[in-house]
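Listed next: structures, encoded as structure tokens.
In the two assemblies presented below, chain A is common to both, partnered first by chain B and then by chain C.
And now, the complex of A and B:
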């Protein structure tokens, strides 16, 4: 009797210790993520400047769909998402499977060089690309000297090229990062599978599609969700590379929300409504990706 | 593999590596050249470094910005490692049904985009009088689901027998954590440190929101300010970009392997 009660108090004590250990982290996430999320939802049904907020029903939401700049920012963000994420992930996968080759020399050197862009800060790389693609930048200089262009092309003040520069910059910064995920995923695959496939006459392309892709599926799913999430929140590049221009045609959703809240006359209610839409979009896309990821089994 | 195929593979890797490294090389070489030389396409390092540095120091208070960035990032990294490793350890070592449920709710927070919480967070921080302070900077990202998950994963490999032995020897639970768990999980801490420090140093949106005073601005903010004029002094600008990149690059090089290992741990 006494023994069992002692055991109970001991496990109770353990249980409490566990809660004490995780309390600071869990409470901080509650206060810094979940509560603000709910407050943003409440705020999105209010309107006004500064502290004078009044309930306004769904006005913020109806306004959103008439706001041409916001619609443009959604289109831009999805343009970046749809082109950049698949290209980047496929490219990262190809690089990782080449670097996974056992006979390859200078593997570590190649890996470090391709991973190097990840060491730069987001603001820094955005400014480097902005300088390279400027009217008097290196890219124009090379193209003119090679005779491909007659005169410098202003990449950053033309809508399509501005968007493409953003995509090129994103690919440069993040491909190596995703490659490292795939490389570490590939290390869990027995190399002998590839050798067996080779003996059976499978080409490199076949073993890529039949072995690498299916076995890496969980990692691919993880990187797809992370990149989608990151691209939907794109901010630094839009601000520092193109400054949303020309005439807001390359602006991202986060950039526009920032401008609406802190650059112009602050309208927190409207901004909260727009940010809540991003939350819903992220949730839907993550859900879809998980569904697709499950189905391929 | 045929010779031609092999050659193609190496060529491909060399091109990709070149594209990866070139913009960084260009940054370094531009930082040592005059702006006019940069525009004229000079690609070799020059002798204008000191002049660029003088110009930079004359236009922006780089020392203060660097100091701020180091202060915010180091404090955030230290607090974050303690808070998240405690939580990850608590979730794994003392796990039961209730705690597993809490963990899966916490993982949901990973999907919450920062812009969705930014405005209420700003209101909260400004109401508390924490604009332009370190505490305001660190609060939103001090506890992250990703780090908690990482430490929870690594706690799985912490041997139970050793813990039991330590308990019998009368070590308190907290001392087991600080004296036994922390030293054995050095590589996880190194990976977590790299990720947290780099994120903290690079963060731009949140500091832009709360650091309203020029005296509390971070290095990325100051670098971004440099591009606002009509005429860009490329030499000076690239020097600023270089200075802003160095700390993360150094951390990255020192802890590169730990970083890759940490990612592997998180994927498993």
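And now, the complex of A and C:
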């Protein structure tokens, strides 16, 4: 009896320890994340004003394709996604390979400076960008004083410039964050490979495209998925920087969902349905990127 | 070794911060639990006569002892008013206590929404301040949240009718009107002088004259007459109400397509913008900044904007107020309108609703003393008897020695009433979109049609 139980403990001991470590986290995630997600899914099949909800089948899902503002917000979000994510990742990659140079002085200082924007609060930096690009803001002041503009340009009340400001803000905030991933990826690439390439007469550009990019592929894939996910859920910049304006041309999906839940007559069923559309979009895009980017099998 | 110390330090900070969070949470929950417990004994004392009384006068039945929790948002303004009200009420009810919690309006809205949708109203306070524009939406979306005050002993007939209408749903009173949102037009008299104008040239005028005067001011000083926040249609809504027009009909349907007043308003707005008399800014702080830094020669807004204007102490004596311009070619056009304002609501979570009602009845609906005390902070009454008080006739040095308070109370009695409707914010945003596109060259009728479609879509849930 005692013998067999001892035998069992020996084989199960590691498993049990593992489960014991996993359990608290797993239970918390289940309660805090998965149960609300399931409740939200059920909610998305209901409709009604405020607290008076009634089942409505898939009406919320068909409804959103007739919602012009929501379709506009999808277009805006994809505009940010298509322009901002590639530009940001390329920037981050270039910066990472520059800062990976062994002979560079003050490397730590530069790395910190580029990563620092990431430590600022989303709301705070959005408000700072708003005041930078205000009619009497710093950017206009500089442009007018340099004689480039006669009159201050209203950046945030014109569609194209408002979107560009949001993209610039995003680049400033997130490039350093992605750069850190690349830097850590670059640590795993033997420096001797670069030296060998150099001896063989490869230029810096060649070794960047032939060595750095292929060897960093898993990291690039990771950052691409994370950035896509983050951009699809973009909220703070749209709310605080442009307030969705002018005329809803910079509103994001999450911002519209927020308005629908808290600013307008609350319709949580419809909001939940729209949130699930974002989930589906993220899943599809991540799947596509995995298919395209990951050729290990 | 160093690493171990560092690790231990990090771990202990994490634990401390966790404990800290937990501690805060605990404190918050006891905070919100306290008033209900405190209120309980009062309830025990009250219900005996409470149950017998409501037919004649529920307000008289309370002992006046107990504590009430209140949510409102502006320390200089409505929080201050509540503290003053507490003092007034404590004179007759020494055992009364008020627990005023500063809560921004957006947070109040979120908390109401969360509490009402989860069905647990115990997190709500006894009394809270609600934006008038959100009143219909909240009472209709969450019928369980606000207590019916119709027969609570508060005399609603003494409030301005247009103001009370915001908080009346299906003939029942749900709110006690608080601050006045009567629209005033403020002008920099020193700028007007440079253009050879006085504030009399802006009194009882139409928007056509406003535009002409504005061009003169622009030419003489290079300053636009007014700044407005882009994408927000405050001015549009003020213009609409000045002619008694709304974005909704009496039956709740959208009144956008074929609304000639709205069309005139949009055309007027564009002509002001095109002439450079009106300049659009990006945010609220930029808007206030443009006024106090002297970038514009005036503004048109609810009278509460005067509190912000008066922060520019160096401009004392250079400001004057008068009524707003009226629309041209619209029947029922007046020089008076309303923007903003809020009302007190009692929640159903309040354990002693009789006490809450009696408190409001004998302060915000029954004390000229209270209104005199809060007048310096810019809280102007919508309660008619307060306007007769001597304090309202006192001149204001900032506004050139004018008796501005009496003037505003006079304006507020002339404001045409309008229909906010449940879908006020949806309609407002749709119209803001339409006007932005129209200014950028889109066709006005097509844009109005789109706005109406958007609102109808939102209503069809």
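Some notes on this structure:
Throughout what follows, the second predicted complex is superposed on the first by the 278 of 297 C-alpha atoms of A that agree within 3 Å, B and C clash if a C-alpha of one lies under 4 Å from a C-alpha of the other, contacts with A are read in each partner's own complex, and residues count from 1 in each chain.
By our rule, a contact is a pair of C-beta atoms (placed from the backbone, for glycine too) under 8 Å apart; a residue touches a chain by one contact, two chains touch by 3 or more.
In this text, all values refer to a predicted model and were calculated from it rather than measured experimentally.
Superposition of the two complexes onto chain A shows a clash between chain B and chain C. Chain A is touched at more residues by one of its partners, and among chain B and chain C that partner is B. Of the two partner chains placed around the shared chain by superposition, chain C is the only one that A:248 touches, whereas chain B remains out of contact. Once chain A of one complex is fitted onto chain A of the other, the partner contacts of A:293 are absent, as it touches neither chain B nor chain C. In the superposition on chain A, A:121 makes contact with chain B only, not with chain C. Contacts of A:24 after superposition: chain B is touched, whereas chain C is not reached. By the touch criterion stated above, A:156 is placed in contact with chain C alone, chain B being left untouched. Once the two complexes are laid over each other on the shared chain, residue contacts for A:48 go to chain C alone; chain B is not touched. Of the two partner chains, chain C is the only one that A:265 touches; chain B does not reach it. With both structures placed on the common chain, the touch criterion links A:130 to chain B and to chain C. In the overlay built on chain A, none of the stretches 151-159, 223-231, 241-249 or 259-267 of chain B clash with chain C except 223-231.
Overlaid on A, the two complexes show chain B and chain C touching the same residues of chain A, namely 130-131, 134, 136, 261-262, 268.
Those residues of chain A that touch chain B in the shared complex are 14-15, 17-26, 28-29, 32-37, 39-40, 43, 95, 98-99, 101, 103-104, 109-110, 112-125, 127-132, 134, 136, 138, 141-142, 145, 172, 176, 180-181, 183-185, 187-188, 218-219, 222, 229, 232-233, 235-236, 239-240, 253-254, 257-258, 261-262, 268, 271-272, 275-276, 278-279, 282-283, 286.
Taken together, the chain B residues at the contact with chain A in this complex read 1, 9, 12-13, 16-17, 19-21, 23-24, 26-27, 30, 39-41, 83-84, 86-91, 93-96, 99, 102, 106, 109, 111-124, 139-145, 148, 173, 177, 198, 201-202, 204-205, 208-209, 220-221, 223-224, 227, 232, 234, 237-238, 241, 244-245, 248-249, 252-253, 256, 260, 263-264, 267-268. Those residues of chain A whose C-beta lies close enough to touch chain C in the complex are 47-52, 63, 66-69, 130-131, 133-136, 154, 156-157, 242-248, 259, 261-268, 270. Taken together, the chain C residues at the contact with chain A in this complex read 106, 109-110, 113, 116-117, 119, 137, 140-142, 144, 230-231, 279-283, 285-286, 289, 295, 422-423, 425-426, 429, 432-434, 436-437, 440, 450, 453-454, 457-458, 461.
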